[in-house]
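Before we start, here is the structure in question, set down as structure tokens.
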Amino acid sequence: MTLRIIATGGTFDKHYDELAGKLTFSESQLPDVLKRARLTVPVELEVRSSLIDSLDMVDKDRQEILQSCKNSQEKAIVIIHGTDTMRETAQVLGAAKLDKVIVFTGAMIPYEIANSDALFNLGFACGVVQLLTPGVYVAMNGQVFLWDNVQKDRSAGVFVTNS
Amino acid sequence: MTLRIIATGGTFDKHYDELAGKLTFSESQLPDVLKRARLTVPVELEVRSSLIDSLDMVDKDRQEILQSCKNSQEKAIVIIHGTDTMRETAQVLGAAKLDKVIVFTGAMIPYEIANSDALFNLGFACGVVQLLTPGVYVAMNGQVFLWDNVQKDRSAGVFVTNS
Amino acid sequence: MTLRIIATGGTFDKHYDELAGKLTFSESQLPDVLKRARLTVPVELEVRSSLIDSLDMVDKDRQEILQSCKNSQEKAIVIIHGTDTMRETAQVLGAAKLDKVIVFTGAMIPYEIANSDALFNLGFACGVVQLLTPGVYVAMNGQVFLWDNVQKDRSAGVFVTNS
Amino acid sequence: MTLRIIATGGTFDKHYDELAGKLTFSESQLPDVLKRARLTVPVELEVRSSLIDSLDMVDKDRQEILQSCKNSQEKAIVIIHGTDTMRETAQVLGAAKLDKVIVFTGAMIPYEIANSDALFNLGFACGVVQLLTPGVYVAMNGQVFLWDNVQKDRSAGVFVTNS
């Protein structure tokens, strides 16, 4: 089995720009992260040309991500995505009913900041993507959610089911 | 689903003792690690009374770990273990044929050292333990291995199948 | 010799708020930082009641910092301050001609973010403050600047003399 | 003023070798550390050909370090050294009465391990080396010690004067 990992940006990949004095995007940190993870399972890393905050994501971006999934030779796909609109992108992909396992994950604290959950979440997603049946999922907080039954509870900073 | 996580020590949990000038064991870092992981899935953490290097593990230790698994109310168990004899302990548990999912993981670089794979591996294990069928597994390097078909390639520092 | 360290906020002490998704201020990280530094020289830590970005600092804040320095029993004072208006606050203190050594320092990257210069800068400041003659200084980039001959080169992200 | 920084190894520069499962020496981490420190003061970094634990340092090593200091064009020299025999090497250099400022520093916890004092100590040493009068000093725990009045209190893990 080969995994495809699609990096779209999001909190996971935010980088502190010391000249601007704020968190923004630079080169993706995923190549370093994957090296650190010491994976022997083959991985195709696809870094989107423009890493963005998921609040800035528009329908065109979601269509392009859908196209990436359609084009993917790999049946197991992890998408690293901002948490704020992870659900919206998951819905676009879920409706497309591809015969692939697509798992969204992200982070509440950027990878490069102390106490980040990014590496845990990526490990979790890389695990479940190999075992789930085809479909679209959100993997956050140590849980797997179905794309059509998940939402972010912004006041608590965690993902929960809809009901 | 509730997870049980059993901390036995191993490289994952090694701590630098600045007075002795070497890596040893102190309090388990797992409580901090789990907080950082932002889990909402319930977790029972069981820290063994004496954290040890897996090269120092003797049969009595393995029998106690087996007993912990037998006693566990949780059907999904992650065991954090040193990599050098992870296979040996997995064999003791595998032979017992418990009706539970037991996933071993660990780290090549201690959690508190730069570039550690510990958090990724724990995330991976916490994911697959929720989806695998009952049995005993080793989850390392982004792969799931069966307990009776895994070994550590010490020169490469990775886990591989036996054949 | 006892050191007084006054924490005013600034990039050094910024903390990522995962619910708001931005860098802001919470509890000062200085108590942890000082523990980590393993100091045996006595230190009085004074954390200002409201940690702020130095771009938000107004004259009232500067007068209060001046008052803290005047009140200080310690003759050696390190002030942790945002870099953007470090020069302005140094000018207020410099003009007061106190018979104390006052050293400003800060960070270009927050203490809790990978690759931060915060700990180096604090070490540097805690060293020079013990050896300089009374006066007001800025200690950044491994250099000591006089309060009336320093400016931040914002495009390069470094401190330089005026000429 | 230009600084010379001589890296000899010691706890500061220890690196975890994941295949051997222990702390040892690899490439010096000083080039990365200095980049992180964002120095604008010119620095000549001299990494000794063989980085060693200071307990393994023999008289020949000390004579070579002395020779490096004699040959140094720079009048301000920071030596990164293991703490266990820092005093012994300082005595060899102190007895040579060079017309240079030589400051020893090191770390109780390796640079790459969580909670390390390495970066603070290096900052401290880089500061005081620019201000001290010629002589040989040990800079640890936020204090400057004279080479002939310093010892390591091993049970407390701190440097103290002899009396």
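First chain written, first letter: the chains are A, B, C and D, and each begins at residue 1.
As a working rule, a residue touches a chain if its C-beta (ideal position, glycine included) is under 8 Å from a C-beta of that chain, and two chains touch if they have at least 3 such contacts.
Treat the numbers as computed from the prediction; the structure is a model and nothing was measured.
Seen from the Cα centre of chain A, the chain whose own Cα centre is farthest off is D.
The mean-CA centres of chain A and chain D are about 44 angstrom from one another, to the nearest whole unit.
In terms of their C-alpha centroids, the spacing between chain A and chain C amounts to 38 Å. Per-chain CA centroids place chain C at a distance of 26 Å from chain D.
Shared interface positions of chain A, i.e. residues touching 2 or more other chains, are given as 108, 115, 157. In this structure, the chains touch in the following pairs: A-B, A-C, B-D, C-D. Against chain C, the residues of chain A that register as touching in their complex are 11, 16, 18-19, 21-23, 84, 108-110, 112-115, 154-155, 157.
Those residues of chain C lying in contact with chain D across their complex are 3, 36-41, 43, 108, 115-117, 119-128, 130-132, 139, 141-144, 157-160.
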